[in-house]
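In the two assemblies presented below, chain A is common to both, partnered first by chain B and then by chain C.
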Partner chain A sequence: MTALLEVDGLSVTFPATAGDFRPVRDVSFSVDRGETLCIVGESGCGKSLTALALMGLLPKWARRDARRLELQGRDLVGLTERQLADIRGRRMSMVFQEPMTSLNPAYTVGEQLSETYRRHYLSRRGVARDRAIYLLETVGITAAASRLRQYPHQLSGGLRQRVMIAMALICEPNLIIADEPTTALDVTIQAQILHLLSALQKRFGMGMVLITHDLGIVARVATRVAVMYAGQIVETGTVDEVFANPLHPYTQALLRCIPVPGRVKRGEHLGSIPGAVPTLMGDLGGCHFRNRCAYAHAACAPDPILMNEVTPGRGYRCVVPAAICAARGHGAAA
Partner chain B sequence: MPAYAAKRFAVALLVLFVVSVLTFTFTNVAVDPAIAIAGEGATDAQIERLRREYGFDRPLYVQYGEWLSGTLAGDFGTSIRQRRPVLTMLAEKFPVTATVGGLALILAFVVAVPLGMVAALRPNSWIDRFALGFAVVGMAMPTFWFGLVLIIVFGVTLHWLPVSGTGTAAHFVMPSIALSYYSIPIIMRLTRAGMIDVMASDYIRTARAKGLLPRTVLFKHALRNAVIPVVAVAAVQFGHLLAGSVVVESVFALHGIGYMAWEALHAADLPVIQAVVVVLAGFYILLVFLSDLLNAFLDPRIRIA
Partner chain C sequence: MADPGFPPDTLGLVPMPSRRAVLSRRVFSHVGLLIGAGLIAVIVIMAIFAPVLAPYDPYAQDLSNRRIPPVWHAWINDHHKASWAHPFGTDRIGRDYLSRIIYGARISLLIGTLAMLISGTLGTALGVAAGYFGGRIDMFVNFLVTTRLSLPLILVCLVIVTLFGGSITTIILALGFLIWDRFAIVMRSVTLQIRNLDYVTVARANGCSSAYIIFREILPNVANALIVVATIEMAVAILLEAVLSFLGLGVKPPLPSWGLMIAEAKTDMFFDAWLIGIPGIALFVLILAINLVGDGLRDVTAPERRA
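Coming up: the complex of A and B.
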């Protein structure tokens, strides 16, 4: 049986005369039912574009290539806009990074919720309205019936994001993609929204792709992790594998940046990664991380580095054998 | 919404009041009404007698009060030249101007909004370039000249349409087209800019992410927001159309308000000038008020603070 979502060799290119801009390169992963895949990485590494590419929502001038892009065994690559529209919102839906601007200011919350339902299930207004109320209650909004008549500008950011989540779930999709759903919210609200997403994901048995750059979140909600760097996935595995035994030098550096209670001794400096992310123009030749990597050597360039599969679902993108990588990781963490 | 409407209405009344004061003051300063009534060749003594007879020697604010109470009762005074009630003259001429102006505005919207939308959806396509060219020509071409071109082509050469007068509906076709072309560029460019902005917005991305059909995304979610700034300028545009009406009315020999104002200005016919200015200003203020209401209806952020 195939996974819920299969992504193989996904790339996004913005063609330009001065040289193509390639912010997503050869990204592969899969997500199963009931599973949460967290995509982590620095700002600008291509997380949002990966998500938009899955949804078919890239800007018109962007080019998407993939060897395989399947949802429930159905190929997403050759679909017409109309066929894609039938899938979006019903089979897979997305929650965005910007709750303040993602709802239409001209329509009530109720209208925006129920129109989604009516679009996919030809139902009467009353049914869609009841469904909208049910979903608002599900995402923890009180006095749901009266909220239906409110406009987005009357709601706080946290409430708007709850509405966005309710909207994404109203047709019970199989896959939900959440792109940094809490970045724009207050810290106290962040935890609530994440708990909510994670609880709903379990309750509805959905697959979830959660994009974040917060490793603390990953540790709490992820089943599996994909670490992205400069347009590529540099390491994948289960949370336990990646956190306990990081293989790629970037993952190791990233993990060193977060304080772990008990592991960080008092007075010890938190790690930070020196150097800058390369510009994602044209062919970068070799490892993207080599200019910042403590272990870089001649073999890191000029050939593209391929993903090494340690076991199925566990891989890393580095020329150094896994055993040596693992030893370095432990050395660094100890 | 009622509170908002009441507030806008109060503002409208205030503006109208200020306009009437300014109009009355400036016209009385610019033209000595006694001299205007006496006509050329009158002696100083005759003028002085008229001044007392008509009460022009009283303080201006007293005269204004008198004029205002008359105006509020629907009495705009009597034309100096034509010796007829100004109200009767207005009632004759206003429908002509309102028809031409209204038709022109409708035509401008019907042409400009779809053109702006298509241009926005296909930026830099041939249709976008065509729309831009159309707008540039419209802005560069004087209304009177365009009117004359229309007359030469469709009236004189092709004999499709009558070239002057107001006898039939056909008489209004060319004046309306000539006048509408003045407003098309601005409405079209605003629609295009609004539409491009809205199509790039996060909520349109959301609408697509929900699986809504392209036509729903376009007409329900995008257009509604894109026309908000357009509606705001529509009233202002109509004001310009009324002003442009003076030109068009003289080109097509339509006897409307513009023509009447032109005549009155030449004759220093004070009551007529005052009435025209105040009525047009009042009409303009009314339209601004209506467009405010329409905007509030379209944009709940205005309606529900």
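Coming up: the complex of A and C.
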């Protein structure tokens, strides 16, 4: 059986006179039912654009190329805007980063929830209303029926994000894409929302693509991880594999940046990666991380680095053999 | 779930007043809106029930009772002819001025409303399309707007009236197709702002079509800008009609247009100033009322202040 979502060779290009801006380059991954794939990486490495490209929500002047982009075996590349609109919200839906601006201020919560449902199921108002109440209860909002009559500005950020999740789930999509769903929320609410998302994902057996820059979130909810750097996926694997045995120097460096209570001494500097992400214009050639990598040498520069598959679903993008990479990773951790 | 389990009725929510209650509370606490709406209501009732309210036929001439001053001249300088028989007096061919003012409200309101509706529909459609779709459509609309702005209103009206004659229909159509520029410009910029907001992206992510997004997501949020422009343009249309009629390019005598009444009275300005004053005040009050209502509606319907 094929995976729920198959992405092969996805690229996003913004044509410009000074040279093409290419924020997403040849990204491939797959997501199964009941699985959470976390795409993790620092700001500006193409995570959010990958999500928008999956949904077909890129700005008009952007170009999306993919060798394969399939949801439940259905090709998403050649679809008309109308066919795509039928899939959005029903087969796959998205939770956005900013709950404060993602709800239309002119309508009540109930209107917005049931409109999405009625868009796809053409049901009567009463049915859609019951469904909206059920989903608000599902996402943990008490007194759901009275919340339906409230306007977005009457809700807190956490509640709004719950409403957004309810809206994303209202048509029982198979795939949910969450683009940094907790970034705009404070820490206690973050934990609740994450907990909620992964509980719902299990309960409805959905596939989930969770985009984040927070490795703590990854450790808590992911089944599998894809680490992105400068538009490319540099390492993939299950969450245990990547955290216990990071292969790519970037992943290793990222993990070194996390303070561990007890081991990091008071007043000690936290780890950091020197340098900055390269500008994603034109062809970068070779390894994208070579200007910041502690182990970079002449072999990193000339040719594009391919993904080395260690086992199916476990890969890293580096010229160095896996055994040596693994040893470096452990050396770093020790 | 993660929420502490308050029983629903002790959630700490203030019981929600209904939408209608909220709206009516806001309307009735807005003094400007109430005054404006009251004045407009009076003028609209005047216009609708003109045949009942007007004491005389607005066209009936009475040459033995010409230039009777309004009733207050009887109190101020003891004018022997001024009386309640003609509260606003009569004009230079003896037509009752009050009746003409009452019938004139019909013309002003008709022209103002219809010209505003035509230009509003046209300008909003163009502006929203330009803002939402951008690219070539935007360029085309901008071209239309600059073209329109380069046409001097009065000259165009002069040509139209020369070609088609100055009937109320001509004036309505000419104004309707000439004053849509502000609608287009304002709607374009507001739409541009809104189309990049997250909730529009969310709507697309939920499978909504462009038409649905324009009508359901964008229009309600530009509505209060639209109301303000619409009232301004209605006032502009009424004033323009008065200007055109004053210049002889508008409605034709003997129709009791307020602008035409001012024009007809201009030779009497230094002797019987009230002949100009009364229709002038009528115009002023109507425009003021429309603007008060526009401001008030904007305040009351602003989504961010709905509570």
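The rule is short, and it goes like this: the second predicted complex is superposed on the first by the 324 of 334 C-alpha atoms of A that agree within 3 Å, B and C clash if a C-alpha of one lies under 4 Å from a C-alpha of the other, contacts with A are read in each partner's own complex, and residues count from 1 in each chain.
One rule holds for everything that comes next: contacts are C-beta pairs under 8 Å (C-beta built on N, C-alpha and C of every residue); 3 or more make two chains touch, one makes a residue touch a chain.
Source: prediction; values computed, not measured.
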Chain A as common anchor, with chain B and chain C clashing or fitting: clash
Which of chain B and chain C A:101 touches, first, second, both or neither: both
Contacts of A:120 with chain B and chain C, given as first, second, both or neither: both
Which of chain B and chain C A:85 touches, first, second, both or neither: both
Of chain C and chain B, partner touching more chain A residues: C
Touched partner set for A:212, first chain B, second chain C, both or neither: neither
Which of chain B and chain C A:164 touches, first, second, both or neither: both
Stretch of chain C, among 3-11, 21-29 or 39-47, that runs into chain B once the two complexes are superposed: 21-29
Doubly contacted chain A residues - partners chain C and chain B: 55, 57, 82, 85-90, 93-94, 96, 98, 101-107, 115-116, 119-120, 151, 153-154, 164, 167
Contacting residues of chain A [partner chain B, same complex]: 55, 57, 81-82, 85-90, 93-94, 96, 98, 101-108, 115-116, 119-120, 151, 153-154, 164, 167
Interface residues, chain B side, partner chain A - complex: 201-203, 205-214, 216, 221, 224-225, 298-301, 304
Interface residues, chain A side, partner chain C - complex: 55, 57, 60, 82, 85-90, 93-94, 96, 98, 101-107, 115-116, 119-120, 139-143, 146, 149-151, 153-154, 164, 167, 191-192, 195-196
Residues of chain C touching chain A in the complex: 1-3, 5-6, 8-9, 11, 13, 16, 19, 134-135, 197-199, 201-209, 212, 216-217, 220-221, 223, 303-304, 306-307
